[in-house]
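This report concerns only the one structure given below.
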Amino acid sequence: MAEIPKEKLLWMYETMVKIREHEERVAELFAQGKIPGFVHLYIGEEAVATGVMAHLRKEDFITSTHRGHGHFIAKGGNIKASMAELFGKATGICKGKGGSMHIADLDVGELGANGIVGGGIPHAVGAALGIKLNGLDNVAVAFFGDGASNQQNFHEAINLAAIWKLPVVFVCENNLYQISLPYSKQQAIKSVAERAAAYGIPGVSVDGQDVFAVYEVAKEAIERARNGEGPTLIEAKTYRFRGHFEGDPQIYRSKEEVEWWKKNKDPIVLFEKTVLEKGLLTKEELDTIRERVKREIEESIKFAEESPWPKPKEVLEDVFSTPTKGVLVWQW
Amino acid sequence: MAVVREITFAEALNEALDYEMSKDPKVVVMGEDVGRYGGIFGVTKGLIEKYGEERVRDTPIAESGFIGTGVGAAASGLLRPVVELMFIDFLGVAYDQIYNQAAKMRYMFGGKAKIPIVIRTVSGAGASAAAQHSQSLHALFIHVPGLKVVYPSTPYDAKGLLISSIEDDDPVIFIEHKMLYGIKGPVPEEPYSIPLGEADVKKEGKDVTVVATALMVHRALEVANKLEEEGISVEVIDPRSLVPLDEETILNSIKKTGRLVVVDEAYPRCSFATDIAALAVNKAFDSLKAPVKLVTAPATPVPFSPALEKEWMPSTEKIEKTIRDVL
Amino acid sequence: MAVVREITFAEALNEALDYEMSKDPKVVVMGEDVGRYGGIFGVTKGLIEKYGEERVRDTPIAESGFIGTGVGAAASGLLRPVVELMFIDFLGVAYDQIYNQAAKMRYMFGGKAKIPIVIRTVSGAGASAAAQHSQSLHALFIHVPGLKVVYPSTPYDAKGLLISSIEDDDPVIFIEHKMLYGIKGPVPEEPYSIPLGEADVKKEGKDVTVVATALMVHRALEVANKLEEEGISVEVIDPRSLVPLDEETILNSIKKTGRLVVVDEAYPRCSFATDIAALAVNKAFDSLKAPVKLVTAPATPVPFSPALEKEWMPSTEKIEKTIRDVL
Amino acid sequence: MAEIPKEKLLWMYETMVKIREHEERVAELFAQGKIPGFVHLYIGEEAVATGVMAHLRKEDFITSTHRGHGHFIAKGGNIKASMAELFGKATGICKGKGGSMHIADLDVGELGANGIVGGGIPHAVGAALGIKLNGLDNVAVAFFGDGASNQQNFHEAINLAAIWKLPVVFVCENNLYQISLPYSKQQAIKSVAERAAAYGIPGVSVDGQDVFAVYEVAKEAIERARNGEGPTLIEAKTYRFRGHFEGDPQIYRSKEEVEWWKKNKDPIVLFEKTVLEKGLLTKEELDTIRERVKREIEESIKFAEESPWPKPKEVLEDVFSTPTKGVLVWQW
């Protein structure tokens, strides 16, 4: 990590802390009833999005999941607009129509969270196909969970990417649970990375709590993709510190287990320790970032709170992009 | 009748499952988080403790795989699976196994197969769950032949219809509206069954017929009770099972009232609402005194924001206005 | 008008694809056997030779994967994919990518995405292809909002509508009835487009309105021409695009004739036929002089044996009898 | 193969020849217009169904494909009734409602051909689950093609069987083509058996033209399954001697390629050579079987030809098994 430029280190820290602060505040706002619907938080998994996105350009694409805030933030999505979206406000990035599970920021190549587990994997393959046919040197990255790796799109889409040698990287965030089902009961193998063999592509498993490790592995995979050498499957072993969704009673795992991870494998704490010990960054630098990030998040919340609700008639807008004859409302 | 205890819709379903599992070792429950978690809406609570991991199976996210597994198990004659599709919105990742396999096997095989599978699933808006967790997609199961489709509105109906569904030898799609899980109603402790294909007249009336499903039954009743005070007499019919459909009860009512409003929380086109309208204009044309009106959702995805979702759903205001329109 | 050459329905589609690929490098074709094989019904013949393997891509059997790939490619703004689903019956293995992803992205993302994808697929009975290769499932695409649904009946319409569909920025399901591929009709050599959402009155008449789709347009016309000789004047309307729907042309016709028969080769319930019946009884109630009658398939899977399949399909005999019934 | 009992050898030969004769006659009848619809023949692949089914009991289950005649015959299906079915006659095993792609014989555990590629794989898993929960020692076998191994159900169903250790064997008939697409363009690996690694189950590739080799491999897999040791994935490399379906112009492969396989890898010829060379069976024994089989096939054709057509009203029957209120015909 000596070769990681300082700028990048600062960006990594800022990104991880931004995700953490964002998610902690969202948890509170949800508990207060200000954010409705289903909310799946990324706390504990920050190093995965961060270590991967460290290598991506704005023009690169990602596809995300129901647990998508971290990907969105790390890809550079507009946080004010996404916070307003979580509230269901008219100023939301989806005008209040999407909510947490459907946040997208096409302006920065974020092709969308997804309420369907596995639903976004082929979209990354599609973006990669577009990249290839347009002769670009961009890449697409699909994020998804351990649970998703048992789903149809994982199999079908990765195989397509493999035979067509597309510039795409598959990042499985194995947080050891599919809601209540532990990874050990989902698959009779030890790592999702073993599945790469089925498609003839490289597969690698990495400690998802160690942002430097993720950074290294992602670097290689993304370079391969950019160089036209085809896809890679990365498994990042990670852990969600909160319930599956806010309100989850978490009867399927022990408090001790959760505490152990929080205590020993917090990606932000580990990062701080490393950079301070190695003298790569100073305490002051870190504190400054944390303060700035907090302000930014608070501003986004203020913006969301003060924003107006969408108007009822907007329900009927945004279905089609070309004007259509015929009716959207079956006007009985 | 003696006073019966009141329990929730979710508890009523749980009793039906418990009863069937206790009675028939072939009945097994499968789905995501149906085990110790008890289902994300609590419907399968306690079953794994009582019947064990072999009969109550948590599955990976592989809906086509595990619903197909249920279909094969049913076709083999060895099991009677009750499979949970966590949200009806997810049908698209398993639809082939439902409408091309389960629904058609008996017919394709010349009547030789029995496919005793129940697919329980959750529908409906009202929880700000947005476009992929709020849909009401029963029309997609009604359209394709070979599936029975049940959609109850009360705890009492839920229990009796789930028992009938599990004991039925054909594939049944059993749909539970997520906003109904918490409602309470009288439910006998002993098991009982309600035949599939019998509508229930939830309120008698003579001026206008309202056919409504699931959550909309409650909204229609609210409006009917309000209008009653003005002397407008609304008959509210809950078909309860959408396939087979109790045409007779519906047609008799239309013949009596001459007016029809259908209230269905679903997309409008090629829908259960158009179905009933078509039934009326074909088989009760001479009785009709006014246009048939349908109160449905608009032809848009379900929006997330509560401000928009409320507008998207058929409201009591819209139902009331529509009923007044046809009078 | 000058005499135009006659070509088949399949050739007309091929010309539309060829034209669009020649004009816009973003247009790519994907699907099973669409390359050197030219598609199992020959629609993509010659394209790979002209545009190469990169733009004409044979896929493995992975419909959810490759349709999803098309959706992602469209959403990225980098391509305008035309994806072939070999038979509409297979929609069940890819349905989520169609109705939950392609159809809803624009709405869920607050109007920011464009999804210019065309999914071409093949429907219809008449080839003894049995229960899983003969269905007419357009209702499943009409029901869920966000998809345009096109279903042409003539070579001329096929070419003009496919060009419009590929140039449209929204997802379009383009359905081709397998028994129409071989029919010939006049088709101009130059490219032209037919706007989506405009019905075509295939025959004017004043006694009864018949709304029919695809192959059924031909059967309806056959009956209409026969009845003409008896002095019965039948108006035959082909909506051509089912979403958006040209309500106006249909309603104007019903207002003129006062009688409606819908002929739709599909399962009866929650169908395009019930849709049009509901439209009529709602918006043209006062004009209706007789019950609305629907000629559809029965609510059964499609049987294999020619002896049974013939009975399953809406026949000219049934169409004729039904028209006479409402007069 | 010395340990294969003579009876079994005779059965193998009879089965392969029966499939071959059946399919050749069906090809003719199709060309004559007597058999309608789509017909996918099993010629060239006889050793796969035969080598596997040699180990199955009547109570064991199989699920089949669009190319299902061979599986049906080898499992002991009623040929008269299936031939009548191909004709679309009332005496057909599905009363004329199914046709070639939907033939099933539940009486012998044949759970059905399938018009949906991959559609039957989970059904075998379901039957295996039923077997396990009922404490039986039967097995289920899913047959499917190379093309099917790219489809969703392959992935989802095999994973279920693996984690639940079900008594099921997955047999991939890799005939090197998915209609026109060669195997090499479907997957970036050399053998479908490599995909077993993704599920933590054994995978083995075998020469599908050598019935003895298939027999050995299947024996082990089926024993494992019966002993409660879980599933196996077998890839049998094979070749279809005819087009994908009858009427296929076969522009995607050379005549030479086809001729090479017919000449060098005909499973029946190879079997004959081996058993005669090793003196396991005599020419007379083989001829007797061939004659008997021919007669049987001709009888089935006669039966089919003479059988009546189903009556139109039968269209409405067999949708539901329990009597239902409401309508099947929407009686307009």
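Order as written gives the chain letters A, B, C and D; numbering starts at 1 within each chain.
To be clear about the criterion, contacts are C-beta pairs under 8 Å (C-beta built on N, C-alpha and C of every residue); 3 or more make two chains touch, one makes a residue touch a chain.
Quantities reported herein were computed from a predicted structural model and do not represent experimental measurements.
Participant: Tell me which has more C-beta contacts between its two chains, C-D or B-D.
Facilitator: Most C-beta pairs in contact, of the two: B-D.
Participant: Suppose each chain is reduced to the average of its Cα coordinates; what separation in Å results between chain B and chain C?
Facilitator: Roughly 31 Å, centre to centre.
Participant: Once you find the CA centre of chain C and the CA centre of chain D, what distance in Å lies between them?
Facilitator: It comes to 35 Å between the two C-alpha centres.
Participant: Taking each chain's centre as the mean of its CA atoms, how far is chain A from chain D in angstrom?
Facilitator: Those two chain centres are 45 Å apart.
Participant: Measuring from the mean C-alpha position of chain B to the mean C-alpha position of chain D, what distance in angstrom results?
Facilitator: 39
Participant: Where does chain A touch two or more other chains at once, residue-wise?
Facilitator: Residues 92, 94, 96-98, 102, 114-116, 150-153, 155-156, 159, 163, 185-187, 319, 327-328, 332.
Participant: Multi-chain contacts in chain C: which residues touch at least two other chains?
Facilitator: Residue numbers touching two or more other chains: 59-60, 62, 64-65, 89-90, 92-93, 96-97, 100, 107-108, 130-132, 145-146, 243, 269, 282, 293-294, 298-301, 303.
Participant: Connecting every touching chain pair, does the picture come out as line, ring, star, complete or other?
Facilitator: Per interface graph, the chains form a complete graph.
Participant: Contact residues on chain D for chain B in the complex?
Facilitator: Against chain B, the touching part of chain D is residues 61, 63, 92-98, 102, 104, 106, 111-112, 114-116, 119, 121-127, 129-134, 136, 140, 152-153, 155-157, 159-160, 163-164, 317-322, 324-328, 332.
Participant: Going by the contact rule at the top, pick out the chain A residues touching chain B in the complex.
Facilitator: Those in contact with chain B are residues 36-38, 85, 88-89, 92, 94, 96-102, 114-118, 147-148, 150-152, 178-181, 185-187, 251-252, 309-312, 314-316, 319, 327-330, 332.
Participant: If you look only at chain A, which of its residues touch chain D in the complex?
Facilitator: Listed in rising order, the residues are 150-156, 159, 162-163, 185-189, 194-195, 197-201.
Participant: Within the complex, which stretch of chain C touches chain D?
Facilitator: Within the complex, chain C touches chain D at residues 32-33, 35-37, 40, 58-62, 64-65, 89-90, 92-93, 127-133, 268-269, 293-296, 298-301, 303-308, 310-312, 322.
Participant: Within their complex, state which residues of chain B touch chain D.
Facilitator: Residue positions touching the partner: 28, 54-55, 57, 59-60, 62-79, 81, 93, 96-97, 100-101, 105-114, 145-146, 148, 168-170, 195-198, 243-247, 282.
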